[in-house]
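One chain, chain A, links the two complexes that follow: it is found with chain B in the first and with chain C in the second.
Let's look at the complex of A and B:
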């Protein structure tokens, strides 16, 4: 399967040049861009690991691409996303998020059903990858 | 136009009998509205022979303290304070016989936090008043002091995006079709296919409640099977607007609680349930971490005609106060009514922190929303993937684009229709961010994306010539320079 979180997962995987364009768009909007990675892409896993802080005051997308590639050297077998933070009053949250690296094999998720009261079903979604200890999943 | 006050006082004012409204104190051309006044702008069409100032004063009177005759009991209160004051009347540009009347209301005329009370005054008695041929509430200025008495959207755009983990692009939805007649099992199939194919949301239609062909609990159970299965298949958070509209509040709470217990992220209500029920559900949604979708069922009965009724921009303001998270606000390019500038005005009311006066988009007053959450506008009705560049240009990024027929009617099935829409959307946002002139190059951008996406190519071939290009019935009337009285 292919996890389709983020803004561009339905497009073919992005080249570094394409990622550069999107990052520069964020920087030009005064958003701070960050690199994050995980080996548990569960839809409700909000907090991926931070590859350093968001790059405040960075004018050049090339610096983000450099960090992305450094992250890939260590965690190239995991999911890596680019995420842009906007501190404008009234927003103060994320403006863009997209996957920039994914493992070769994506095992996806298990859906478990448990019969509860009446005909209701309690659903439990778990990452196949997260059944192994952290760090040895891909 | 704005002649001097003819207000009487003392004995002349309070002698028993009938007096013109403008002499009773409802016409005050020198009045300066205070920062805490509620202001309403009406389009009035007086009966032949009725003077427009008297008509405006009558509207002020009938929407505040007046009755048809002088009453001595006025003298027991601070009547001057409680009288609404018409303070300005302008002819409507290019519409002979129609006038814009500005009326100010003291804040103490209204119960805090109650749309029912606000509307009982402003649109209560006055719309059937005989001296007027027609009356339309065009816009309102809601003072910060009043805005702050309302909860506002239960979730708001920012928190909705955080909950769904979707940033930087419009959300995608589809209404399940046929809207009536499917069994619960068949209905859930549409939900699953559409969400798995790439949509974020599916939606019940306004009139799906609990009918013989599908009772509400069946619908909820099968829909949530579809939602959870699609979430597991994609790794994305998905939702379906479960319509909890019902005959009584007790029924609606029961349905909303069941939706919550099944783990739904979102429920929906129809505008026809009424303002008080909407406020109750908004409060419930805030307390239960639920996104609240409003389908504006019925609004065109009073919003569409320009001479009489209530403009949708006013309904949108009331709904932002009342506290819904989603509101259908037009598509511009689709099958339903929508002048581009007027629609922009609605979207600004939903999404901005502050609306400056903008006559070309129909906004007559500066409106400060005082940090009330933002409402997500929803574009639905006759739109398809081939219009993606125009939709993003007109409607921006914080919007739910709903392609019902444009998903389910895809020649290769629902999931293919959903994928086509998602690829069209992502490729257009990608192109925009990359600095391309996506509006001019839209068809080319879609054609390029279709090279690696067969469902998109099929969608473009199927709907390439479909447009709904009719003249709008509700465009703003304004002169480029506002008339000065």
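Let's look at the complex of A and C:
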């Protein structure tokens, strides 16, 4: 099952050229771009591992692509996303986040229904891959 | 990173002269001619490089060339011969020709690239390289990266990363190495990897006395000062004498000399003028402001060298 998180995730995977252009757009807006990765695809897992520091003072997207490729070398079998952090208005927030790399196979989620008080149902999802220990999931 | 042009979209004919003007290259070259005094061999080389790149670009749009030419350069010459200034112009030129995307210049020395302890160098060098991507990385006094006397020096690590990026990310950044002629030659001898990755070696000659006086006049003009005829003559003598003395740094020495002349000028005006002063008095550099220099008495100005 294809994970859809962040922007563009219903589109086919972006090519490097397209990622480059998206990142350049972020940089031109003075957003700090950084690369993050994870092997836990649960939608509530919002804190991914940082790959290096956020890049505050690189005027060109090539630097981000360079880091993305470095990250792919080591964690090519995990999810890698690019996030753009906007600090310009005073509040600090993520403006854009999209997945730039995904594992070859995405086993998807198990949906569990649980009957609780009366006839109400509680739902629980857990990703199949996250049942394995961290680092050996994909 | 550049998108492939489909074969049916290739251009058939290109007017090179038109291209020269529309790309803004002609403007940069004219500016170079106007703003930089002397440096004839350098200007010729830059013109040649610019036409090569222009032709290369035209060939690319016709589908004749596919590889980006090697653009890494080395600038060698004595101190104060305008290497940094030309590097700035070069970045602009390459940007206008579309060989670098942003056209900014990141100027660094050994300290910015080499770390203090094990494991510090690689991230530091990569950080700088990332900053320079899309533009030009200017490494001043590049030979200090390599210290043969200390085999555990971290400079070697920086050199290796540099070489790797220079080769693999040729589309992303252009590296310009700069430094004094003799030391640069030695540096290239001991690092053949650099020599073969650098296509353009540009030699910066020393300025002649007249050129230096010319430069001085331009510098003063930019600051709204001017010299009298006598002070121009004095300055000419000053340059001749200064050249014989140690630590002569071409245009930089002239700039320092002018700063000192302005200091004396201010002092003189302050002492001699009673009451109100006009703009002319405040911007005229007299002969005595220059003649008071220690250079005329056979010594360099110790406090300022």
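Operating definition for what follows: the second predicted complex is superposed on the first by the 136 of 138 C-alpha atoms of A that agree within 3 Å, B and C clash if a C-alpha of one lies under 4 Å from a C-alpha of the other, contacts with A are read in each partner's own complex, and residues count from 1 in each chain.
Just so it is clear, contacts are C-beta pairs under 8 Å (C-beta built on N, C-alpha and C of every residue); 3 or more make two chains touch, one makes a residue touch a chain.
Because the structure is predicted, anything quoted here is derived from the model rather than measured.
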Problem set entry | Of chain B and chain C, the chain that contacts the larger number of chain A residues | B
Exercise. Is A:62 contacted by the first partner chain B, the second partner chain C, both or neither?
Worked result: second
Exercise. Which of the two partners, first being chain B and second being chain C, lies in contact with A:35: first, second, both, or neither?
Worked result: neither
Exercise. Does the superposition put A:25 against chain B (first), chain C (second), both, or neither?
Worked result: first
Exercise. Does chain B (first) or chain C (second) touch A:16, or do both, or does neither?
Worked result: second
For this session: Report the residues of chain A in contact with chain B in the complex, numbered from low to high.
Result: 1, 3-5, 7-12, 18, 21-22, 25, 41-44, 46, 83-84, 89-98, 108-111, 119-121, 123, 125
Seminar exercise, completed: Listed in rising order, the residues of chain C that touch chain A in the complex are 1, 3, 101-102, 104, 129-131, 133-135, 169, 171-173
Exercise. What residues of chain B sit close enough to touch chain A in their complex?
Worked result: 158, 161-162, 165-169, 198, 217, 221, 224-225, 228-229, 231-237, 261-263, 353, 371, 374, 419, 422-423, 426-427, 429-430, 433-435, 449, 452-453
Exercise. If you look only at chain A, which of its residues touch chain C in the complex?
Worked result: 16-17, 20, 55, 57-63, 65-67
